[in-house]
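Okay, here's the structure, questions in a sec.
Letters A, B, C and D mark the chains as written, and numbering starts fresh at 1 in each.
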Amino acid sequence: MEQDFYEITNDPLDVGEIARRIILPECGATVTLDGYVRKFTKGRETEHLVYEAYEPMALKEMEKLIQRAQENFEITNIGIVHRIGRLEIGETSVVISVASPHRRAAFEACEWLIKELKSTVPIWKKEVYADGEVWVEGEA
Amino acid sequence: MEQDFYEITNDPLDVGEIARRIILPECGATVTLDGYVRKFTKGRETEHLVYEAYEPMALKEMEKLIQRAQENFEITNIGIVHRIGRLEIGETSVVISVASPHRRAAFEACEWLIKELKSTVPIWKKEVYADGEVWVEGEA
Amino acid sequence: MKVKVLFFGATADLTRKRQAEIEITEDAVAANVLEQIFAEFPSLVKHHDKKSLLFSINQEYSSGDEKIKEGDELAIFTAVSGG
Amino acid sequence: MKVKVLFFGATADLTRKRQAEIEITEDAVAANVLEQIFAEFPSLVKHHDKKSLLFSINQEYSSGDEKIKEGDELAIFTAVSGG
């Protein structure tokens, strides 16, 4: 856990910096998910997004996620950074990076982490179109 | 295929640059594998690595891999960059980055690509220890 | 006895508030407070099945039967959609 | 008729060459040329089961029965270990 990190920020995310922040001598692979703003969702054109977080709770939930991943996968360290505020098309909203001695566990853990983050961490996304906006509701 | 790229280089790799080089408007996720030099393998300490490629054939095999991945997965674009020459501990040897509208296919394709690359692309790794060196033989 | 209730995203838009203070009885459990919030902010239930809203107490998801204390921080929000 | 043979990694170390030119007969197929390479560079078979070595013709993996032409680029190497 000392090597893990989780953050919420208003600033642009640098995928490479997050992926390479912690590389330990026993590791050989890092799998990174870079999630960013898609222009078209179900044929509708997004103008931009706004993310909002219940920040102290979101950080607690991220910490729990990391603990569960550390218990369930043979991995070494995890970094999760979520951006909030206004994001333009193509800008990164979330980066999850998992390093491990062997790649299989890193792929599994990274995919598990993004799926869990999307259902447990209190962050919401508002899609803004040319003609309106809507808070996206997850699948609880 | 026009959006895909594959390269072999002697220069240090920048994971973030490779992962973010091509982001298309229909995409929402990029999964990136960053493979780097591990200090300890089966308890033995590596001093550094040397990678050698049969370069024109390696590029052809990378191109074939990308074509097969494009046929088999719902993905948008792929980047593969392999470094050769002398690499120190922690330095990146290979980056595979896969962008797609939805993350599931990107995870699957990225994992498939590294597995196939390791068995088909003619590149070899020499592990150099304090007391000797050995060309690693893959599992053909 | 007073508690703070926070709203986020859709629930902040519906209540037109980011937070409110509500007065509750001494022996209230989470489910009671939730009903009180729905009574005070009927726009929440006009737009949402009560079951689709999530509820937290002191930044932990609530199961509904926790005892509520003076000064607790509650929050009510829709299913999360980050990532 | 002459063809070029390339060595990489372990096979370059064993033959102490990175490439060689060998003379082959007109009707040679890949498998014949391979045997000729083993005869010319016995260190290859001293250290490796023949079946563990890989063989390419003009930068494509060989199945062994391709017809070889003047000027073809052959290569012989151990199972790849990149990544």
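Side notes on the structure shown:
Note that a residue touches a chain if its C-beta (ideal position, glycine included) is under 8 Å from a C-beta of that chain, and two chains touch if they have at least 3 such contacts.
Bear in mind that the values here come from a model prediction, so they are computed numbers and not experimental data.
Placing every chain at the mean of its C-alpha atoms, the farthest one from chain A is found to be D.
The centroid of the Cα atoms in chain C and the matching centroid in chain D are 73 Å apart. With centres defined as mean CA coordinates, chain C is found 49 Å away from chain B. Between the CA-based centres of chain B and chain D the separation comes to 26 Å, rounded to the whole angstrom. For chain A, residues that reach two or more other chains under the stated contact definition are 35, 114. In chain D, no residue reaches two or more other chains under the touch definition.
Interface note: chains touch in the pairs A-B, A-C, B-D. Interface of chain B with chain D (complex): residues 35, 51-54, 56-58, 60, 82, 93-94, 114, 117-126, 135-140. Interface residues of chain B, counted against chain A in their complex, comprise 14-17, 19-20, 23, 25-40, 89-90, 101, 103-104, 107, 110-111, 114.
Those residues of chain C that touch chain A in the complex are listed here as 6, 8-10, 13, 52, 54, 56, 59-60, 75, 77-83.
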